[in-house]
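Here it is, the structure in full.
Here the chain labels run A, B and C in written order, and each chain numbers its own residues starting at 1.
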Amino acid sequence: MTRGVALLPVFAISGALAYAQDADLEARLSALEESVSASASSYVDNSYLFLIGGIIVMLMAAGFLCLEVGLVRSKNAAMQSMKNVLLYSIAGLMFWVVGYNMAYPGESIMGLVGTTPGPWAPPPLDQSHGDYAASSDWFFQMVFVATAASIVSGTVAERVKLWGFLAFTAVLTAFIYPIVVSWEWGGGYLDSEWAFSDFAGSTLVHSVGGWAALMGAIIIGPRTGKYFGKQIHPMPGSNIPLAGLGTFLLWFGWFGFNGASELAAGGIQSINDVAAIFANTNMAAVGGVLAATVTTAVLYKGKVDATMVFNGAIGGLVSITAEPLAPSMGASVLIGAVGGVLVVVSVPLLDKFKIDDVVGAIPAHLVCGIWGTLIVAASYGNHVMPVEIEGELQTSYFGQLVGVLLTGVFVSVASVIVWMALKVTIGIRATEEEEMAGMDVSEVGIEAYPDFTNA
Amino acid sequence: MTRGVALLPVFAISGALAYAQDADLEARLSALEESVSASASSYVDNSYLFLIGGIIVMLMAAGFLCLEVGLVRSKNAAMQSMKNVLLYSIAGLMFWVVGYNMAYPGESIMGLVGTTPGPWAPPPLDQSHGDYAASSDWFFQMVFVATAASIVSGTVAERVKLWGFLAFTAVLTAFIYPIVVSWEWGGGYLDSEWAFSDFAGSTLVHSVGGWAALMGAIIIGPRTGKYFGKQIHPMPGSNIPLAGLGTFLLWFGWFGFNGASELAAGGIQSINDVAAIFANTNMAAVGGVLAATVTTAVLYKGKVDATMVFNGAIGGLVSITAEPLAPSMGASVLIGAVGGVLVVVSVPLLDKFKIDDVVGAIPAHLVCGIWGTLIVAASYGNHVMPVEIEGELQTSYFGQLVGVLLTGVFVSVASVIVWMALKVTIGIRATEEEEMAGMDVSEVGIEAYPDFTNA
Amino acid sequence: MTRGVALLPVFAISGALAYAQDADLEARLSALEESVSASASSYVDNSYLFLIGGIIVMLMAAGFLCLEVGLVRSKNAAMQSMKNVLLYSIAGLMFWVVGYNMAYPGESIMGLVGTTPGPWAPPPLDQSHGDYAASSDWFFQMVFVATAASIVSGTVAERVKLWGFLAFTAVLTAFIYPIVVSWEWGGGYLDSEWAFSDFAGSTLVHSVGGWAALMGAIIIGPRTGKYFGKQIHPMPGSNIPLAGLGTFLLWFGWFGFNGASELAAGGIQSINDVAAIFANTNMAAVGGVLAATVTTAVLYKGKVDATMVFNGAIGGLVSITAEPLAPSMGASVLIGAVGGVLVVVSVPLLDKFKIDDVVGAIPAHLVCGIWGTLIVAASYGNHVMPVEIEGELQTSYFGQLVGVLLTGVFVSVASVIVWMALKVTIGIRATEEEEMAGMDVSEVGIEAYPDFTNA
């Protein structure tokens, strides 16, 4: 097959015509209609949004890798790198095999569980099915489920066993996440009964990952030596610059995460919306960073903990994700700033309960995910309780809370069942000897940094 | 809100019509007009250029992080990572609060200083205001100001105090950079009086950052122990591979930096231009790399200093930024190559004056920024002095020089004032003890690489 | 030049018209025709595909840098970083100077060697020449040649001399790669005589790099101390997390590599195709990762070698590159999975022959490139031998094999000649002393990680 020969004719329209008559006009009009129809510009623009948005969300997997590897100790860094590549792979496989059709079911039981699972396949490629390429939508949805899985990976790092973790990831991405998504983006229970609103997934993606991570942290238990009595033994991350790079990669990917969740870009309103989402998303991250910086400087007498700054960015981004379009730029800064503060104050709170979250994922994704979801109601008339206005159910604080709680209860219960089942079967926790040696030696067989580790 | 339902109808045009009559033709024509109008394809294409260009320029922030962190010593690497996240955040905030409206003022005093600052807000999202989404333009301009701020960060690394640096960044991004931009891209003095030409910011972005960095380096002074008598104590960067990755991330981002500065992509000419800019930008970087490589090999007896190679790429890219469209591909190689040589010969020159530029940002951004700006006149008829041809003022070497000097004088004076004011108030320089301990211990409270630092 | 004024008028169409008459209809039709013609939406969409695809393939250069630097020992990491920046630069220069016109020749001798080499230059920018911007095509083709060159770099790492390697790169990118490309994408011998099919370059890019690397590894010889008698001395990579990041960057870039090789995106069919390629490309990588993981776990008693997981992803991606569109998603998983297994079993095979491939590039790029190319015939009617159906030559297993063998013979012979010529002139192998000291000290003059290397 030769390359360099494009497949579509460009518009070739004779500009000058001698005289106007019906037959001629008709011919020109037909040609133009065909031309416009073939160019399919809004179909292409919408698909581009999914494809470009999708690949930059895919790059968030690299961002999570960098952030998490940077925040674990060097003896677990090879394991953490590998685990992030593996979870992205498993998420993709399971979302194809069963997840997508669970999330967007043809039929469901009371809007709660889809009944038509099975592998997803694209419709014929030579025609349109809706307003964008079907595979571009599948691809975009798939990278979202990978994000949810990445969140768990960071929290349970440094002591989870590889195969146990991968098995949990498979269930999370095949069933747990897709079922929650079906309630809302799939048009199910939360959408129809509560007018629940979650633009790009503060609850559906980030809290889902956060709840699963929280249950994992509790059931697996803290790293050996982390807590003794009331003392907390610090276990500093081994590569802060890599964590900084990861933060920027996540920030970068978030423009796709939120921006492409507009789901269309082929018209003036939709592209204006996408652009406004980009600006708001950036401002919320800015708010998160600066609020976390000031909070940590106040709490720690002028010193600024870099890991808090990085997690402040993530917290701000998660906070705006439920509604990145409606707020003003100033409101976006504030929403993100509250997220940044929440991150800094939640970290010691988890330690108090001896919940060992290695990278601070629970504060950033779960706590900020809840905050971001609740505050959505402020953008839709500040209704405390759901009311109907002109026959349409309104988004409300209570409706948002219902969504948060229902998601929390379901994901927690499901995660506990799966983590416990894995605990009593293939095992989820490394032995103390394995943990002391490091997961790299125990599970990977190679060291992350063999030439320069002193630890 | 459900997901998966797009917002725009696709073109639904009845292809076959039985007979042609005026009423029917009129209806079809109207439908087509609406269709084309709604598809707004060039509006979308232009906005996409800003949005995609914007996010890849945003990724340059990650590139600067990697390059700069790689070139500082390990005891300052956490600080440098954090500082780069913070400066990007402050730049975004200040450019929203005041910078954008200073750079593109409604009214100004003699084209020199805008008089209508204040926060920027997008116009209503349901209609067009010009040829692209307003927020996409804001976003694209915002990532440019962040670039200027990143340049300063590298030069003054390893001894600047965190809060002093952040305060300088705030003033730079709120006022100093926007005022210079208003002279040219805002249609002010340099544009109207001198036909000054700077396509994507060799002077407006890179030299602005470079002058501010130079003043900072002089006022803050060199790192303790760097110079004693005529001897120069080498302080090698701690992570050369990270610097290499940073170089490629910057190179990648530069396609957005220069390409999207075309400001339009919705027509044949404009997309041809964008494509040519991509090719030329790449060739200039190639020229910079290869010229720096040969120069360093000649100077250092066959050995090739990797940091010179990386800075050669940056130097080549900065050199082509003032005019990446008009030169041929061969001319682009040459323009970049001169930049690469300039980088290699400028580094020892700075050392001679005991100006301590930790990452070599002044050679790459300031020296090459000047070179790139002056050589623009070669693409516009080689006029030495400004002349009018057919009523239009021509770009000239002298006019370019005026822009370079005016920018240099203004940014230098403003920077000196700000650096000095900060010096006598909150302080800009760490104590010798803090510096010896490393900024990570002194200001961040955590080490960058706690598991494997020997230093 | 001011900024913020776009160059193209938006559609300004009077929506309401009082009465329909021919003259009026004609005027409206003409305006609309002009509008549609100027908007050139499919021309822009196609060019965007090349430009966006091109820059993300460009980022694969950063991915190779990370992967290769992570897999060499720390004493060679600065050299490896620098070499990757240099080879990308040389590839760009040579492909401009001679390569592009060799790959897509106006005239050729029997479809084998073009006879009109010379520098490439874009046609006038104010008009269209085909269905996309010419420079966008040049740019996209250029980043492909850089990919081929990157493959060689990893295999011969840690003992090749800098200038010898760069000289080889120049010949590879100016002549060897372009000549092979001309046979197929340039419409030459393999395309016309054998209906050889290689969508995005399993053979044309990856095998070409692989054969050149294999010949280099043989001629340069293994690293000192790697093999003694039947024993293999492991020389573990020094930065596994960086290799993990590199894997994700390559995976990311592959969406451009395969997706943009559709060469068009401006219509429903073409954008559907691009989207399906994205999904299939991801699934093949998933298959490669998971198959390599299971294989390595079985072979190494439960431990999973991270480097095999990473190379499994690359192997899966290379395998699907020859035909990423026609297979179903499930078939893509399988094609990639076979690639992942091939990687794991090929690594020890090379060691058996004492062929020292530092990063495992030959298994991933050459072995999987051959596999991916052969299996293409399964997507085109499973013809064993080439047959004509309705006057058109069909893709067949034998035809694919001919392409694989012809490429292998030509690239191997050419590479041997060039490597040998360099060996007897400027030299390609460092002395044992230089090698022991590390290439960083010997050739670069700076260390990659001066603060924390123990080795």
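Structural remarks
We take it that a contact is a pair of C-beta atoms (placed from the backbone, for glycine too) under 8 Å apart; a residue touches a chain by one contact, two chains touch by 3 or more.
All figures in this text were calculated on a predicted structure; none of them were measured in a lab.
Drop chain B from the picture and the touching chains left over make up one piece.
In summary, the pair chain A and chain C forms a contact in which the copies contribute largely different residue numbers, shared numbers making up under half of all those used. Remark: chain A and chain C have CA centroids separated by 30 Å (rounded to whole angstrom).
Residue positions 22, 25, 29, 32, 36, 39-41, 43, 48, 52, 128, 239, 449, 452, 454 of chain A are each in touch with at least two other chains. Chain C makes touch with chain B in their complex at residues 1-11, 13, 15, 17, 20-22, 25, 28-29, 32, 35-36, 38-41, 43-44, 47-48, 50-52, 54-55, 58-59, 61-62, 65-66, 69, 77-82, 84-86, 88-90, 92-93, 96, 119-122, 125-128, 133-136, 138-139, 142, 162, 239, 242, 440, 443-452, 454.
Against chain A, in their complex, chain C makes its touches with residues 22-23, 25-26, 29-30, 32-34, 36-37, 39-43, 45-46, 48, 52, 56, 73-75, 104, 128, 130-132, 137, 184-187, 191, 197-199, 236-241, 243-245, 247-249, 251-252, 255, 259, 261, 263-276, 278-279, 282-283, 285-286, 289-290, 293, 300, 303-307, 309-310, 313, 328-330, 333, 449, 452-455.
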